[in-house]
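So, here's a batch of structures to check.
Shared chain: chain A. Partners: chain B in the first complex, chain C in the second.
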Partner chain A sequence: MPMFEAGDISVEVDEDGFIQDPDLWNEQLANALALTEGVETMGDEHWKLVKYLRDYYLQFGIAPMVRKLCKETGLPLKRVYELFPSGPAKGACKVAGLPKPTGCV
Partner chain B sequence: MSRVRSQKAELVIERLGKKLNRQIVGSLVACVHCGMCTDACHYVLANPDDPSYAPAAKADKLRKLFKRHYDWTGRVIPWWVGAKSIFTDEELEDLKDTVFGKCTNCRRCSINCPMGVDFATYNRMTRGLLVSVGIMPEGVAVVSKDQWEIGNQMGVLTEDYLDTLEWMGEEMQEELDDETAIIPIDKEDADIVYTINPREVKYDPRTISDAGKIFHVAGANWTMPSEGWDMTNFGLFSGDDALGGSVAARVYDKLQEIRGKKLVISECGHGYRSTRCEGPNWAGMDIGFEMESSVITMLNFIKEGKIQVDKTRNTTPVTFHDSCNNARSCGLFEEPRELLKLVVTDFTEMYPNRAENYCCTGGGGAMSMSEYTPQRLKSGIVKANQLKDTGAKIVVTSCHNCVDGLNDVIKHYKLGMEVTQLVNLVANALVIPEKKVVPVVEVAEAVVEEAIAEEAVEAEEIKKELVLTGRKILIVDDEPDIRTFFGAVLEDNGAIILEAGDGDQAIEIANSEKPDLITLDLSMPGKDGGKVFEALRSNPETERLKICIITGRPELRKLIYDQELSKPEGYLDKPVDEDTLVLNVRKILELS
Partner chain C sequence: MPKEYKTPMLDELEKGPWPSFVKEIKLAAKKNVMSNDLLGLLERSYNERLGHWKHGGIVGVFGYGGGVIGRYTDLPEEYPEISHFHTLRINQPSGWFYTTEALRTLCDIWDRHGSGLTNMHGSTGDIIFLGTKTDELEPIFKELTEAGFDLGGSGSDMRTPSCCVGPGRCEWACYDTLQRCYDITMKYQDELHRPAFPYKWKFKFSGCPNDCVAAIARADISIIGTWKDDIKMDQAEVKKYAENGVDIFNDVVLNCPAKCMKYDGDKLEINNNDCRRCMHCINVMPKALRPGDDKGAIVLIGAKAPIVEGALLSSVLIPFLNIDDDEEFEDFCDLVEEMQDVWCEEGKNRERVGEFIQRVGMGNFLEAVGVEPIPEMIAYPRDNPYIFFEMDEDEEEEEE
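Entry: the complex of A and B
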């Protein structure tokens, strides 16, 4: 398995850069992963999205529908794509420490 | 001494025998190892020193098995034809890494082979053999399971799907400022049944609201199905024809249940190929309805004048990437270009293009197989160079898989380009028919609100003054032009318009909607006006509905007046002018 390394962080990831063990996730790691997805600084709205994704994943074991994401965080769809240019599936999920979504993504 | 063969290897060999048809055998025996395919493959071009990527070499891994077990040359001169069997599960794993990891089934080698060897077809078949003994990449297994069990490749539950469509309907209403803009679900007898890729509903539904806006503005009679809405098909990627048939049948069955006229497939290459081209064979079904790509639907809307587009809204330089499944396997490459040129101002072709274009790297389900991502990205250098040479800022493609494949290539090779689909560009260029806009100047908010309220009251009053306000009128005519003309005239006078293009539809709508008036044409294919009149008058549910016969063939009058039924409320000869139509309709509604 490849490793994701940034500063003193070293975490196992899959070939697409998604971390393998969600327990290893922390805010420092999220900041570092965000940089790989074109997010320079994690603002309040970024954290709101990422924390919702992570909580949902820990509870249900899958990524939520983007509908739920927008409804629960109150952020419009357009804003989600502004915050994470690579989208909720690849960008936000990766930063939130979820595994790579399955299927055509 | 004979070697012991694993049970999986035994099964693969046995099942290979059952898969051999003329096309496969022709491809297996015809290869002369000339090397034309080598130059055609993006994996080879990116790895010139690694012969294991050459299509002929990849093909030999299956060919040796075929020769050894199913071809006479392998029995007589095995050393000459390279016949060799497979014994262990490790060998099958190695085969898996070749057929899933070193080929995206893009078929570029197939169309460049002078001997007509369709390598991609038996690469897919080999995938199917391995899948049948449980050997496949994990991503393929997970997605296949979701498609078998939940009915779509991302395990989206029906309530979540419907909730998302409702949400997108709200977006449409807001953007169009039109509360009638909704996404109809399971509407029966719709002209268009629109099916999508689950990623649209799960992660990026903007393509759904964009398509919805286009359908709505075009005035299309469309719907989205509550089941069988996933037109993607992992059976194409995994080589599992049974899965392919099951997924495709789910789509076809639902369309038939709601009596849809045409299946429209959103911009997804493998979904289009699976549903339109391969699905009927896998499912063993005869398909009695039309199927088309949404690209063609949108193009026709523009050509028929149903929507207007303003290309000056899309001025960033674009290029077009052909999806392998669309272009090479289904011949869909001129229409997207024609449409693209209508909605953008600055289009540059990439080279090579159309059926000769290179794979986005994400074909054949590669996006779901992370284990092969590094070699996939390495092969992406070919695509990256093609993209870079265009100088464009946006790559347009009609395939969801390509969107992700291209995004990965762009990110990996730092090309700084965006990827989008035609539906997004068409929606952006779409001219929304004008509505009355309240002029807002720099005034205090309360004043503006007051003005809006007054305006609304005025608008309401104007509406009330219209002579046919609130009257529901069903126009029955097989001529779409006549329906449009009558509809526009009556609608301008406040009426709510329903339309039927044939007798059966007329009877059905009359029953379900109970319109205030029906204008009935006499000469129609199928059930003529006389039969419709008879059916309506003899049914207690509809016998009292007001009917105005409007015909261009007065000699057919007997169809109505010879019947021993209460006479129609009105009669008009075509051609009818605007005033005569309104006057007569009013007369019937107000006096009879």
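Entry: the complex of A and C
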């Protein structure tokens, strides 16, 4: 397994850079992961999204559907892509420390 | 020096007179190390009877949530050149018309940044670029967009709309498939590139009931050309076909699914009221028979191939739409958006709209999207009694 390393952080990630153990997540790690997804600084709206995803995941064990994410956070999809240019699944979920969302392509 | 792989199993697939993907991969392997490792991995898979691709990578380009499908091998140490082997979907032009220059541009970009292997075209309709590394994605995307191309759809979004060649080359086209496919592509760019649906949503446009893009079998919204008036007939040409050996009675009349044709050995008659617009007779005798003049499209909903659940064919939603008319087309788009709203709101994760309709019932679905149920939506009388006709107040008063 590849490792993600930044400063004194060192965690196991999969080939797409998603952390393997969601329990290792913390805000410092989120900041470091954000840099890999084109987010220079995490602002209030970034945290709002990430915390929503994280809470939802801890409660239900999966990521919410995109539409629900937008509705509950009040952030339109366009804004989500402005905040996380690689999108909610690849960008926001990775920063929130969720396992890789699966789905059919 | 790239490794040299012995490929006795794959070599078998080069034998015979037909084209061979092995031959193509070998050609590509001469100048591309990714294709070379691909040969090695494939031979190994054939020997072990085991696939060596992992499922479910998430990669992409900034700004888009779809268009790239992540692929990784589970043997990256042994086949390092294809440790990443991502697929790109690139939005094809309507009807797949290219200049040779455009094709060269595409292939040059892909030779520089990927395996050089393409699939023209995938069953989605897109141009498929097979195999590249994560670091190459942004450079490819930049070069593609500079050349006027864009990524297609993947994941739970509106997939790249696709259409038959239509009036570009085909005399049977009952509406301008190329134009409407392009219009939908441009109107719904956000839905195409930024997945937010419960699952995929496909539009396919066929110009006539021959349905060359298999819309009825694969598209959530199938838009298939048809006509309202009578089949146009030239009896003199019918005679010529008979003289030239066409067995009109057996090959045309008896094959008519509606049994609406008569032939007395001299004159052909069609009862157009019963005609199902299947195109069979027209296909057999194209010089003698033609679609009528009052042309448009029939809109069907709900087809899917078997992935999560079984296959479904589309069923009628709008029996006749003059889709070339801009106003009617706008109304159609409004209905599509309404349907997507209902499906997004109530649909389960990874539930296609056809499955959603099966679950909630066609009657409830129609009510939710504000469409009146009509007899054309039913395949056979009394066969699928999912719509309950309720009398409105006036009718009830009349009854009393």
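Just a few scattered comments:
Just so it is clear, the second predicted complex is superposed on the first by the 103 of 105 C-alpha atoms of A that agree within 3 Å, B and C clash if a C-alpha of one lies under 4 Å from a C-alpha of the other, contacts with A are read in each partner's own complex, and residues count from 1 in each chain.
Basically, a residue touches a chain if its C-beta (ideal position, glycine included) is under 8 Å from a C-beta of that chain, and two chains touch if they have at least 3 such contacts.
Bear in mind the structure is a predicted one, so any value in this text is a computation, not a measurement.
In the superposition on chain A, A:Gly87 contacts both chain B and chain C. Of the two partner chains placed by superposition, chain B and chain C are both touched by A:Val66.
Judged by the touch definition given at the top, the superposed model places A:Asp16 against both chain B and chain C.
Touch criterion met: A:Lys100 reaches chain B and chain C at once. In the superposition on chain A, A:Leu77 makes contact with both chain B and chain C. Chain A residues in contact with chain B (one complex) as well as with chain C (other complex) are 15-16, 18, 65-67, 70, 77, 86-90, 100-105. Those residues of chain A that touch chain B in the shared complex are 14-16, 18, 62-63, 65-68, 70, 77, 86-90, 100-105. Residues 139, 142-143, 146, 153-156, 160, 163-164, 167, 171, 197-199, 201-206, 232, 268, 270, 367-368, 370-374, 400-401, 404, 407, 411 of chain B touch chain A in their complex.
Residue ranges on chain A touching chain C, taken from their complex, read 15-16, 18, 38, 65-67, 70, 77-78, 81, 85-90, 100-105.
Within the complex formed with chain A, the chain C residues making contact are 55-65, 69-70, 72, 83-84, 154-156, 190, 194-200, 307-308, 344-345, 349-350.
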